[in-house]
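Right, I'll just put the structure down here and ask away after.
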Amino acid sequence: MNWLVPLPVVMPLLGAAVTLLLRRHPNLQRTVSLVILAATLAVAVALLALTASGDPLIVAVGGWAAPMGIVLVADQLAALMLVVSAAVTLCVLVYSIGQGMADQDDAVPVAVYHPAYLILTAGVTNAFLAGDLFNLYVGFEILLAASYVLITIGATKSRIRDGTTYVVVSLLSSLIFLTAIGLIYGATGTLNLAQLADRLDALPDGLQLGLQSMLLLAFGIKAAVFPLSAWLPDSYPTAIAPVTAVFAGLLTKVGVYAIIRTQTLLFPDGPADDAILIAALLTMVVGILGAVAQSDIKRLLSFTLVSHIGYMLFGIGLASSAGLSGAIFYVVHHIVIQTTLFLAAGLVERRGGTTALEHLGGLARLAPLLGVLFFLPALNLAGIPPFSGFLGKLGLLQAGVANGGVLAWLLVSGGVITSLLTLYAIGRVWNLAFWRTPRPETVAADGAASVRVLPRLMVGATLALVVLGTGLTVVSGPLFDVTGQAAQELLDREPYIQAVFPEEAP
Amino acid sequence: MSTNLLLVIVVGVLFAAGVTLLLERSLTRVILGITMLGNGVNVLILLGGAYGGPPIVGVTPEPGMSDPLTQAMILTAIVITLGMTAFLLAMAYRSWLLTGHDDVQDDVEDRRIMERAERDQGLEDQDSPPVTAAGPDNSDQAGQR
Amino acid sequence: MLVLLIAHLAAALVAPTLVRRLGLRAFYLLALVPASGLGWAVSRTAAMRDGGAVTEVYPWAGQVGAELALRMTSLSWLMVLLVGGVGALALVYCARYFTAGEPGLARFAGVFVGFAGAMLGLVVSDNLIVLYVFWELTTVFSYLLIGHDPASRASRLAALQALIVTTVGGLAMLVGIIMLGEHAGSYQWSVVQDALPTGGYLVAAVILLLLGAMSKSAIFPFSFWLPAAMAAPTPVSAYLHAAAMVKAGVFLLGLLGPALAGAAPWRPLVLAGGLVTMVLGGWTALRQHDLKLLLAYGTVSQLGLLAVALGAGFRDAALAGAMMLLAHAMFKAALFFVVGIIDHSAGTRDLRELSGLRRSLPSVWLVAVLAALSMAGVPPLAGFVGKEAIFDAFRGGGWWKWAVLAGVVAGSALTVAYTLRFLWGAFSDKHGVAPRTVHNVSWPFLTPPALLAVAGLLAGLSSPALNDLLAGYADTYSGAADYHLAVWHGFTPALALSILALGAGAAIFAMTARTTRWRRLRLPFTGADGYERTTGLLGRAAVEVTGATQRGSLPVYLGTILVMLVLLGGGALLAGPPLVGGFRLWDDPLQLIPAAALTVAAVFAVRARRRLAAVVLVGVTGYATAMLFVLHGAPDLALTQLLVETCTMVMFVLVLRRLPGHFAVRPLVSSRPLRVAIGLAVGAVVSGLAYAATTGRQAVAISTAFGEPAVSFGGGSNIVNVILVDIRAWDTMGEISVLVVAAIGVASLVSGGSRRLLRGGRRTPLPTPPRGEVWLMAGHTLDAGLRSPILEVITRLVFHTIVLFSVYLLFAGHNAPGGGFAGGLAVGLALVLRYLAGGRHELNVAAPVDAGVVMGTGLFIALGTGLAALVAGGEFLQSTLLDWHLPVLGHVHFVTSTIFDVGVYLVVIGVVLNILRSLGAEIDRHDRTERAEPARREEELV
Amino acid sequence: MRLPRWRDRLLTAAVLVTVWMLLWGVFSWANLISGLLVAAVVITVFPLPPVTVAGRPHPVALLRLAWRFVIDLVAASFQLAVLAFRFGHQPRSAIIRVPLRVPSDLVLTLTGEAVSLVPGSLIVDTDRASTTLYIHVIGVADRAAVERFRHEVYETEARIVRAIGSDDEIRRLSDPPPVEKRRQL
Amino acid sequence: MTVQTVADVLAGTCLISGAFLSLAAGVGLLRFPDLLNRMHAATKPQVLGLLLILAGTALRLQNTIDITTLVLVGVFQLATAPVAAHMVGRAVYRAGHVRRDLLIVDELAEDRADAQPPSR
Amino acid sequence: MIVVGIIASVLLCAAVSLVLVRIVRGPTTLDRIVAVDVLLAIVVCAIAAEAAYTRDATSLPILVVLSILGFVGSVAVARFSPRSRR
């Protein structure tokens, strides 16, 4: 079944090619995109099932065996990420189709959106599957290039301004990543991750640390780790809702994924773990304080996004099986929830005409369903039990307590405070936007515009994600099985390396 | 492995110049900075591969070939940089079309919060209990910090 | 038990629909759900004797210790009774309390039932994680219930306050739970209590757990949230604050006490907190005018008492506490219900406005008195039994018990006093206040409080029977089992204390009724102040921190990243061994020339004040880099770099023709030294790393083995090209996707999302060319001043040649420098030439296809070769060598990866075409519209 | 009308095939056939107006043209190099109008090219309607030198037309130089 | 003196002359007073210098495959270099970067003045 | 041949330096573009000379590219040079 492995990348690219050819047929384009992403989801699920045995699936692309050619590696972690990302991208696609049809594609030109969106998906899946450092870079480039297009779609003044921040910072991170690759290749003469795992060990410590920190820097920017995170809240909120949603949910997590992968596989001795923990703490606290200071839902959510990246780093920095498992669980949770919240924020914007808190009010009464669509994921984000946010946090806190070090305890406290402040920030949003009596201006606008009806597809897509997010609670047992196994595989390294180089097995 | 000092210096020069341009406000300069950094990275990658003749079988004997893999990487990087440059230039143009210049502006919302911080105010939130007795126009507090 | 929980959940979900369908009658139906909990608990009564337990375990997320382990022991049995019983009654009460049109009623019903379910789950959880789950759920549901009237700011704020304060405690508790659980290796309380840690670890855990319990139960200093939460509708107050939410805290004390009360911080914290709360709560209750608030502070006070009793950590106190828990639930719920009735029929709860209700609402009065006397501790009511048991428990045995006893007695006196104030305030005839006119109270409205009040009486009377059931819990404590619950123990010191409390209470009431000076007596600092100050500080901190870190400025962000690079990279360099690896000055002295040129150009590019000058200088660095490639034995790179440089130059020119010639002088002049410093530092660090990395190499590069397989498997002798189209074709596939999407983006940006986007081809018929020589298809459409016959003729002559050359590059690339990229770029530049010579119409005619179609086709071909290999049974993108011997042509050698390269070639052509259409033709069009219709341009800008 | 178009197309194809063979550097049947194929594809995919060459190549005249070109090139390059190294000397220059006698873009272009390629002269502008080249010349000291140069350009035109021009065009070379024509206007 | 040596000597001469012409171009480019004059200097390495060096290279490589390419390079360079020079020269003139004091005569300016202003 | 190589290198190096000065000095963009043209011509010469020196023809395609497409950049600049538009 190895032939399935390249498909999550190939199919979206094929879809992009087809949608480019079909650019004058919006309906066909939509159908193609939907079919492609649904198929990608199916393949991802199949891969998750196939890798459950603990043996990663390996494909030497083009038949060029490692380390010569590029290998794609689908282990539990990669497969899990594929499933989540495919599910989320599919829902967001439905949402954006709903939005596009409602707005007659004024804001989302189909001819640009669909190919770019599919290419974005391909980049994400490629990054997850990459078993080769340079191919990881290419995966990043694909998703970033597509994201540049998506974030500036419509090319309004504010989108250009905020998009510039995003694009330039991302380009810098890409350059740093490429620098790191150049240095790593210079030092080791290989690009294959499994082989690098071996060859990097042989390098002097200082050099290893230098290479590691360059990679961490590059991924840290993408993952929005403090102090490399300031670009995010300035750039994400301005884009159209589905774009913001999928960026917030998915793209930062690709950075986190890359950190997890490289830290565990390439630098298992963990000289940077303390630094990661400190960064995690700062990210959490500074991020959530930022959220508290905001008065716009989308910006506020962007800051919570930054803040909660800290949780994932926390687990990575602990470098224990429990910590990694918690971090991976949290990644999965956060992808779904953060996406959902931004989609809901998009609905809020449609219904209330804005996401600025000062102009919102009474949404719980005006649109009760929207209230539910926001409230549940919001609680989930704040880590209210029994939602997945709680379970992930629980796993992390347990790992932190089990670690018992001073930094770990600081992180536990920071995690708790962040959780509380997230609740506070979310509570303020709920109080103002949903509970407070509707603002006069909202009411006035409400009477006039029929636009304020929420398109069924958009609501349906959001609802599906809410259900998915809530469903994580129900399946948390099996999910923790997967994340636990993934974490164990990561720490062992051997399954990965042996899968890539079977002949060297003892 | 010994290394080519000249190329190391070239890398440094390109990075230094690229970064200096990158930190400017004019998008044109930023783009040029990125172009130069791109060249710098390419030379850096080149540096990581062996020096030699063109890696073409039959032209150069195999032990004397330069490293083809670094070249393939650089080629990929060059082409990607081309695409990105085009995109950034389009952004610069759009920015000019919309605002009359290509300077990257500061974020409005961030400015607002920074101003609040400078004026020593808390949240602007009608629904929280009043944060400090001092209102926005309590100026004697403002000068303290 | 799981069935019960699921029933609650299901009921909560259907409740809104039910209420919408059936109106208020739905509440009766919903009341059946908690009632079934009550019934179930009653049916399990027998099992509760002698410390029996009912247990159920279901898997959930065992990896984090979360298993649905449910276990009912005697204390939880008691709580189930209360939760179910009071819950059912509260729902029944709702049916009358609300009017049918009440906004948000449907949601309210669902939340209420959900809350009851959460409370039920909380008390039957054996797993501490699951307990926390339900604990937080009650918090959230209470948030929604307290904020039932969201239009009121007070109600919203109170809800948020309750949420935050109890969550603070909850999170602390969670950490405590985790500490215990991680130590024990299990989160099952029945396991954990036998595997407790010791020392400071235990102390910390206990403190954290107590924070949770105390904040939930509104123990000082967290008590402030509870009275504020009175903004909720009365049934909610009755339920949350009598039987449910706040009881969770004391329940936790009772649950953990047997195992943890011995830990150092437990008793001091619990007893001190409880006593202070009891006295302060009672005292404050005396000050209230709002009956509901009076009861609320009364609740605070009683919670203090319950905390003292259940947290004291020995058998008799626990027994007393359990009894008091039961009693309190009954009388407090009944009294809240009464207040609700009064509010309903008299229209106010302010005791200064209420007068004559004893006569107008005699039945209500009767119920109120019965409940109130239980609260005051008058025999033979349940409240008396409980309180006397407490007095007895703390009698004797150490100074701290005496101190507690004194406090409890004082608190009880205050309880008596505010009880009297309540009865007096609600029902008496007041001087100078006109008797309120009231509506009649229907019996279903009064039934719930009446039932509870009577239950209080019955519980008091049947206390010996209850003793057997509650002792099952109390006996889990160490200590002699010498006390039994009963109304009458004879003339004991406890009875004396009861009488003392009653008398003192009456005296205090009498005193406070006369004067108001005592009202000024209050603490200098309250929890509410603390909350406000904390949130205020939080707001300030948030703004300050965000203002400091979130500068909103791109250069600052980039600078931060680069400084981090310098710190991390430089730090690693300094941490490592000194850089002493071998080096050579150069590989070829000729490298000096491009290196020097590059340096000069780089320095002056940084200093350039004109855009195009900077572009040219940066271009020079590019050309110099190309020369370095040539000298390094990388002709493919040089070829591509030169083509790309030309392309880049053209793109710059196309865009910059619209921008001002000079850079604005304004920005960042002052920070220039800083920028240069960062630049130099980054340059130094990267150089250092490059040096360290390349001298640190020990292994042989994998690419040294590429030569032979490139020929035998890849079918090409240009290894770089074989890598690109075969060995690492997967990367190339990604790379062309990048190009495609970038090109789409360029079009999207330049056209600003307009729908004519990306469309190529001839849209409007061209004007017919004038008579005479025609060299280009649309040269005549260009302004005469821009045309040049020489350029047109040469373009005409070399265009096909360039395209031909590009095909050569494409096919020769496998064995010599070239390939799809270079070929595609060459065609692109040929098209640029056409555009330059003939203008935008010429471009359309030159390539009368949609650029998207070209890109799409190219991408499709590249992917298609990959998929074809997959279908044929190979790996994705696997190539095949084909060799034929044909007549005339001789030996033909073909590699399928060439088809892939053709795809690349097409993609690159499409990309350049698309970029050219956007940056060239589209901008031309803007220029035209701008000149033709200045007004419309304004519109576009906005 | 049909025949010349086919001839033009074949000419284009022949040029392309030649270039193709030169690029590969191997004169084989395989290259010839593939060259034809590629040329056909290129011409079909990117159609352009036919290159209407009125005349036909005259080999002797072509050789003469080439020879004179090389001579001029070497001489001018040498002169200009001397000029470059004559420090302290400010060379004078002129911009001259040269209306050609043969009204053809191709002749205009080729003459322009030939003039440009020889160092010391540069086409500053053209006027299509009157087939006029405006040439910047360096190192001319006076009016006489200007006229000498103008004459040289006419000779270049003549050599080019004689090499590739039609009979009609060659006949036009004997017309009086249009400089006077213009002045008369 | 073998044929090979003769070829090498010739090639060396060609290469050095070509390089020298490049240097002359550099000097002229730096020294000539106005842009149009500098452009003349620029033509030398593009034409004769290049042709010389290509000839030298051909003499060294001595095989058909490469010589044909060199021929093409020469032809292409001859075809395209004047176009660039012409376009730049035109732009220079139109932008007015001309030292008129160094011009003996400017017949283009005369014609411009006669005719209607250039069309846009 | 070594002597030839050294002499040619020195000459070309000197030429590059002079051209660079013009590129840096300007003063106009067109000055720079002319200088870049010369620079490219020198690059062609240098690559060809290198090929001659090493008798290695692999870089010849670069020469073809430069000879047939090198002029596009300057034409573009000239075509859109600010004042020639009107």
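Which chain is which? They are A, B, C, D, E and F, in the order written, and residues in each are numbered from 1.
The rule is simple: contacts are C-beta pairs under 8 Å (C-beta built on N, C-alpha and C of every residue); 3 or more make two chains touch, one makes a residue touch a chain.
As the structure is a computational prediction, the values presented were derived from the model and not from experiment.
Shared contacts of chain E and chain F, meaning chains that touch the two of them, come down to C. Chain nearest the geometric middle of the protein is A, using mean C-alpha positions. Farthest from chain A in terms of Cα centroid separation is D. Of the two interfaces, D-E and A-B, the higher number of touching C-beta pairs belongs to D-E.
A centroid comparison over C-alpha atoms places D as the chain most distant from chain C.
Rounded to whole angstrom units, the spacing between the C-alpha centres of chain C and chain D is 74. Rounded to whole angstrom, the centroid-to-centroid distance between chain A and chain F, based on C-alpha atoms, equals 48 Å. Per-chain CA centroids place chain C at a distance of 68 Å from chain E. For the pair chain D and chain F, the distance between mean C-alpha positions equals 24 Å. Across the assembly, chain D contributes residues 19, 23-24, 112-113, 123 that each touch 2 or more other chains. Counting partners per residue, chain F has 12, 16-17, 33, 58-59, 61, 64, 68, 70, 75, 77, 79, 82, 84, 86 as the residues that reach two or more other chains.
Within chain C, contacts with two or more other chains are made by residues 153, 156-157, 535, 539, 542-543, 546-547, 550-552, 554, 558, 562, 635, 654, 686, 690, 693-694, 696-698, 701-703, 706, 728, 731, 735, 738, 741-742, 745, 749, 752, 785, 788, 790-791, 794, 797-798, 801, 805, 812, 816-817. The chain pairs satisfying the stated touch condition come to A-B, A-C, B-C, B-F, C-D, C-E, C-F, D-E, E-F.
By the touch criterion given at the top, residues 19, 21-26, 73-74, 77, 80-81, 83-85, 87, 90-97, 112-113, 116-125, 127, 134, 136, 138, 140-143, 146 of chain D touch chain E in their complex. Note for the complex: chain F touches chain E at residues 1, 3-4, 7-8, 11-12, 14-19, 21-22, 28, 30-31, 33-35, 37-38, 41-42, 44-45, 48-49, 51-53, 55, 57, 60-61, 63-64, 67-68, 70-71, 74-75, 77-79, 81-84, 86.
Partner chain C is touched in their complex by these residues of chain B: 1-26, 28-30, 32, 35-36, 39-40, 42-44, 46-60, 62, 65-72, 74-76, 78-87, 89-94, 96-98, 101-104, 106-111, 113-118, 120-123, 125, 127-129, 131-132.
Against chain E, the residues of chain C that register as touching in their complex are 783-785, 788, 790-791, 794, 797-798, 801. Note for the complex: chain E touches chain C at residues 76, 79-80, 82-83, 86-87, 90, 118-120.
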